[in-house]
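Take a look at the structure set out below.
Here the chain labels run A, B, C, D and E in written order, and each chain numbers its own residues starting at 1.
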Amino acid sequence: MKLKKRKKVYKVRNLPPGTMSYRGTKQSDDTHVEIINFDKDSYKKIESKRVEDAFNLKGNGNITWVNVNGLNDVKEIEKLGLHYNLHPLTLEDIVNTNHRPKLDEYDNYIFIVLKMIFFKEEDDLKYEQISLIVGEDFVLTFQEADGDVFNELRERISTPKGRIRGAGSDYLMYSILDAIVDNYITVIEAFGDKIEDLEDDVFVSSSDNEMINSIQLLKREVLKIRRSASPLREVISKLNKTESTFVEEKTHDYLRDLYDHIINVNENIEIYREMIWSLMDMYMSIISNKMNEVMKVLTIIATIFIPLTFIAGIYGMNFTNMPELQAKNGYFILLGVMVVLFILMLFYFRRKKWL
Amino acid sequence: MKLKKRKKVYKVRNLPPGTMSYRGTKQSDDTHVEIINFDKDSYKKIESKRVEDAFNLKGNGNITWVNVNGLNDVKEIEKLGLHYNLHPLTLEDIVNTNHRPKLDEYDNYIFIVLKMIFFKEEDDLKYEQISLIVGEDFVLTFQEADGDVFNELRERISTPKGRIRGAGSDYLMYSILDAIVDNYITVIEAFGDKIEDLEDDVFVSSSDNEMINSIQLLKREVLKIRRSASPLREVISKLNKTESTFVEEKTHDYLRDLYDHIINVNENIEIYREMIWSLMDMYMSIISNKMNEVMKVLTIIATIFIPLTFIAGIYGMNFTNMPELQAKNGYFILLGVMVVLFILMLFYFRRKKWL
Amino acid sequence: MKLKKRKKVYKVRNLPPGTMSYRGTKQSDDTHVEIINFDKDSYKKIESKRVEDAFNLKGNGNITWVNVNGLNDVKEIEKLGLHYNLHPLTLEDIVNTNHRPKLDEYDNYIFIVLKMIFFKEEDDLKYEQISLIVGEDFVLTFQEADGDVFNELRERISTPKGRIRGAGSDYLMYSILDAIVDNYITVIEAFGDKIEDLEDDVFVSSSDNEMINSIQLLKREVLKIRRSASPLREVISKLNKTESTFVEEKTHDYLRDLYDHIINVNENIEIYREMIWSLMDMYMSIISNKMNEVMKVLTIIATIFIPLTFIAGIYGMNFTNMPELQAKNGYFILLGVMVVLFILMLFYFRRKKWL
Amino acid sequence: MKLKKRKKVYKVRNLPPGTMSYRGTKQSDDTHVEIINFDKDSYKKIESKRVEDAFNLKGNGNITWVNVNGLNDVKEIEKLGLHYNLHPLTLEDIVNTNHRPKLDEYDNYIFIVLKMIFFKEEDDLKYEQISLIVGEDFVLTFQEADGDVFNELRERISTPKGRIRGAGSDYLMYSILDAIVDNYITVIEAFGDKIEDLEDDVFVSSSDNEMINSIQLLKREVLKIRRSASPLREVISKLNKTESTFVEEKTHDYLRDLYDHIINVNENIEIYREMIWSLMDMYMSIISNKMNEVMKVLTIIATIFIPLTFIAGIYGMNFTNMPELQAKNGYFILLGVMVVLFILMLFYFRRKKWL
Amino acid sequence: MKLKKRKKVYKVRNLPPGTMSYRGTKQSDDTHVEIINFDKDSYKKIESKRVEDAFNLKGNGNITWVNVNGLNDVKEIEKLGLHYNLHPLTLEDIVNTNHRPKLDEYDNYIFIVLKMIFFKEEDDLKYEQISLIVGEDFVLTFQEADGDVFNELRERISTPKGRIRGAGSDYLMYSILDAIVDNYITVIEAFGDKIEDLEDDVFVSSSDNEMINSIQLLKREVLKIRRSASPLREVISKLNKTESTFVEEKTHDYLRDLYDHIINVNENIEIYREMIWSLMDMYMSIISNKMNEVMKVLTIIATIFIPLTFIAGIYGMNFTNMPELQAKNGYFILLGVMVVLFILMLFYFRRKKWL
């Protein structure tokens, strides 16, 4: 066995640090930008290809949410970086989609990277990296592709009297994180259902390898989701302790609540993980039980008929001098003996609890 | 294998945070309220549908315990929230019954969420979320359904000379928690009994899948109860360190005792968990042993009779020229040879310790 | 599978906290009291049924050790509590024998609960709860039943020139704890011996379920002893850090030594635990090996004789026209062919290393 | 079984501490030195056998990177040590290639030992120890052999306008560490690919021992790489907290980023480790499934034909008086009975889901 | 199953604390003393039976190393204790050889207990307790038996110009510890070799129980060595933080290096432990694979020949009216049919990948 360096090198390693270049596995869609600008009284939404459309909105006391879909167009992102005064490493992290969830605090903004996990269609589970940049009066979000978990949130913003309309960028950040974590819960619940299904299937499944494959895939999926959820806990804990001036005191109550949710997610993942592992044990026991049953059938049949066949074999021999063969009722007596043997063996098996 | 989003979406996700709506799996009973008001000398108990009946009792120096059964009637709970000045997030947590046990301290009250586990009937194990709100002179409790573990406590309150009558809301809180933790112990002991039963059964069980199923269910149940008991430890530890003015110094002695109990519960859960896991191993060994025994029977029978049958087969052949067949005692000599072979093989098996 | 609340409810749950009532599983003996009073020069020992006999000894500068055997007589214990000014919770803990080892410090005394594990007879392992109360000039001990590990200690006290005679109540406490921990070591060593015995047995044991049972019982026993030893570590560590005025500086040297011992005990328990678990794995491998051997015997016999029997069957057929049957040496040629086949198969098995 | 001291003692143990002597397993190449000297405007590269060539470059405000390949020539390394004022233990650590990654801070330099893991050719994985010494205006690196991961870095230094040209020795150190950690990621990804390959193979592999061997080798490799990566986390964390005057504030941003990477590496190693372990379980299940299938075929064949063969045996007996044999259609009736039996057994197996 | 108190009680338990009596399992040799006295310029070595020979050497500014071999002669050790002013508990710990490695600091000396593990002969692994007492100008060492790891150290001391000659008792202590830890590394490497050997053997081993036994013994040995090495880490860490006046600043550099070594030892032990455990899994898989192969041979033979034998049985029946038997070529046609069946079954097995 030899490890091999993978040929399909889609990642340009060893770039000078701070260099931006899209390092993702996902075919990223064309970059397009969604700009939502609101305050208590006004609301405006712009769909555009150019980020500049957001700039003249800044600075008028409103909250601006710039949502960038697709990370291919590095140019546009650089323009955003320039405008909002972002650190080069932040820009590099945004376009590198293999990042571990983390939170970095800068003087003028908070930078959060995390994974968004959601069902795009009913059984189409999506993993997508999302980056959040939260400043005094703006929130920037960067997604790899179209499709996200914010539709309900967009609607709430567009509704004139929602609590969110009167709140600051910190509350918008919380609402975005809340929507993401809520979708973790939805996904985790789907795991629970799947495990319950498998637990039922495991008894009736024919002994092919499909069940093993299902369990293995589930293990993989749980490990993958854990990799996203586990550091998220630390991120939100750090967010709770932030001293940024634009995270207000009353928002902390909500963040604490969010922290409870993400701990809940992580605990459930651990429980499901343990249950999947024990499912494998269970499946092994069931296979063993089945094999045991198969063996018993074989043993019963063989134990009964092999000796009887031997006896029949005896009287099938062609010796000249075999007195029993001439006996008038020899055949019937022998049949009787065989029936008695048969019954004795049934008794034996019943005593052994094999029948 | 595909994960699927569950169709039966009984949870409205992505509500604006702080919105109250019942998010539980349990068919909650109709909301009704039980109000107990007492001090050293007086005692009054009211059963009602309206929470307002509790309000005029407040503020007269007595302790008021308002116990709300059923979380469907969000209106009534909101009225309580308004009257006792509760935070919106507290109200939201009360009606969301998928919460992890936790303790939040507010200026004017302590909020505790935990799970109540008890036997409603002899073998009907109930999991129910219970929320406690403890203020200077009141205790509010919220349960999902009728039926709880407080009957003995109610009786003690109604008894004129009980220690509880002279004590404050902090001691009532302790008494409620103590009753809940005591029921954890009862449930844990039932686990112990069940494990002992299974350990006995495991040797006599016929090799169907019932035993596997029992063990798996027990694993599940232990994981579920651990999920409730494990964070409770932290809750009570936090309660011990509270600086709330209405938790008196002498109550802390009782809370420390309670903390010892909950640690004891958690340690027992871990031990039972380990025992259940090793029960599975044990069961696997027993299946293996059984299979071994089955195999031995088969092997003994086959090893003895297959060669003998072969010999009989030889002399059943129809060759014209087979001198042995004509020998006068050929048949009897052959029978003798077979008996000798039979005995030799018995010896062989005895030497191998198979008999 | 259903969990059931145990019928035999020997524990009165939900008593008002601080209520004393014996909550143990052991049939406690009749309460009787042993009083030892000593200082550097004097020594007095009283066996009694009444605790009052100890009271007039108090206060004369001597050390008094009151050892109560049997916890049934709650009255006597209450009298002690009153005399020595003990907290109600302390009294409740003394008579509840399901307690986790712990140490509570009060103003006037230190309260320690722990488990005493010892061999009463050579193979009669006893678990008993023992409570220690250590004050300025007295030590109270409460045991569930007669029989303990202090005989050697009693003798040392009765010897005029022993170091213990000149020391205070803190040194007596240390001596008691030291005797208990020493017995843990003795018991742990018995585990070591048992494991070594089982490791030898595991190879020769016939494949019935006795070995599995032994291993399972040993697991149980180790888990049980760990439950007693593990919190003891914390207890003694706490004792080391006590600031009680009556624990002298020089006694701390001895307590540190004791702490080393209890850590040693816990480490050995973990090692034995790991060895027992791996013993189960080992046993499983041995069963598999045995089954493999059984299978090989079966396969060798069947593989050799089934084809030969088939050949014999061929020439046992009654076709009119079977030229070989008429051949003069047909029978002998066939026997030769069979011998050759037999030898070839032996070679085959040898090459496969089955013989 | 006996442990034996290894005969091939390639390590001179028990040398006086601080003694330098090459203690490595790798055939180290001849020592040769590569000197790169640069500042914002100038760039000079010297390949030499003598370290003295680096000395006259020192002190002119430029950054000097001295890269020593091959650790055999202890003399040259001692000259470096003398010139740069290195501690004897540092020199000893450089030539002992069995070191655990670590960071030592001295007054005038930081000393880092770590492992460089990289693919020399496509499937030739190399483990090599590399030591870094970072001073005010110099970086020394010591490698065991030719071939490293710095080619891209060398190129960047030679490029006039690179960020590195204007930065200090701390940024050069960061760049070196970054290149090393990036190669860890490459290697880890190769593990991921290998595991996926094995997961596919595991279902189709014939049941020889090759798969077991592959899994075992992979386990080994993961444990080995973990041994290198796990302490690296601590090293970089320590580096982040260094108070050395020559690590500038802005470099810390990059080091934090590096820290995120190494945590990512370690988490991935743990996940792959868990996946390999579960791969073994999976393989065991598949073997069991296969054996089950084999058993079923055997049992079906035996269960069908053994009873039929017995019946044929009955009518092959040579009793004089067997009425059935004379019956005109006896043979055909019997064949019919056999066909019926055959069909019944097929039904039986279908009901058992064996067919 | 019953635990039994061991009969061979070689340990006198429950002695008054502080009592010295040899509590070891090893037949300790006769006590004899080796005294080395040196400073920068002088060197003197005395072999003696009496410890008094060391006393007149003390106090002249030189370093005195008193090495006591054999712990039987409690008298001599007591004399040393008196002379060097040692605490009674220290003396007790020296002669009790079941101690866990630990470090105690007293005002006038540091007391270290640890295990010395070394190969006495090539495959004779020795575990021996060694106690170190380090004072201002003396080092005392106590060994259970002759034979140690200090020969090279003795030589270095006897060499006039060694660094050790000019250094203090702290450096001598370091040198002793370094020699001991170096031997741990040697032993650990022997484990590595043994594991590699077993990994090779595991594929070729015939399926008897020898391999299981080897693995189990190795597990045991690793657990044993871990018990010695694991607390050593803590001991050396404590030594690093000592504030004893006679441990000089520059010695701390060496102690830090030693600490790195012992961490390395512990990490390797953990890795080897994990590898041994996985070796057992591997062995189990190989047994399963073998059994699978055995089963396949049996199944192939049985599946081919049982049906054929049945057919032969049919035509061996003695019915009067069996038309086929009279057919001229019936026999040859039947043989043809059998050959066809045989070939079909071979195809079937090939498709199943059993051949």
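Basically, contacts are C-beta pairs under 8 Å (C-beta built on N, C-alpha and C of every residue); 3 or more make two chains touch, one makes a residue touch a chain.
A quick map from chain label to UniProt name: A, B, C, D, E = Magnesium transport protein CorA.
Here the structure is a predicted model, which is why all the values come from computation and not from measurement.
Taken over every residue number at the interface, the positions common to subunit A and subunit B amount to under half, indicating a different-residue contact.
When the CA atoms of subunit A are superposed on subunit E, the rotation angle comes to 145 degrees (nearest 5). In whole angstrom, the spacing between the mean C-alpha positions of subunit B and subunit E is 42.
For this pair, subunit C with subunit E, the centres built from the Cα atoms lie 26 Å apart.
Residues of subunit A found to touch two or more other chains are 213, 284, 288, 291, 295, 298, 302, 306, 309, 313, 316-318, 322. One ring covers every chain here, and the order obtained by setting off from subunit A toward subunit B is A, B, C, E, D.
Residues 119, 122-123, 125, 149, 152-153, 156, 162-164, 174-175, 178-179, 182-183, 185-187, 189-191, 193-194, 199, 203, 213-214, 217-218, 221, 253-254, 256-257, 260, 263-264, 267, 271, 274-275, 278, 281-282, 284-286, 288-289, 291-293, 295-296, 298-299, 302-303, 306-307, 309-310, 313-314, 316-322, 353-354 of subunit C touch subunit E in their complex.
Against subunit E, the residues of subunit D that register as touching in their complex are 1-7, 13-14, 16-18, 87, 89, 93, 98-100, 102, 104, 206-209, 212-213, 215-216, 219-220, 223, 227, 277, 280, 283-284, 287-288, 290-291, 294-295, 297-298, 301-302, 305-306, 308-309, 312-313, 315-318, 322, 324-326, 328-331, 334-335.
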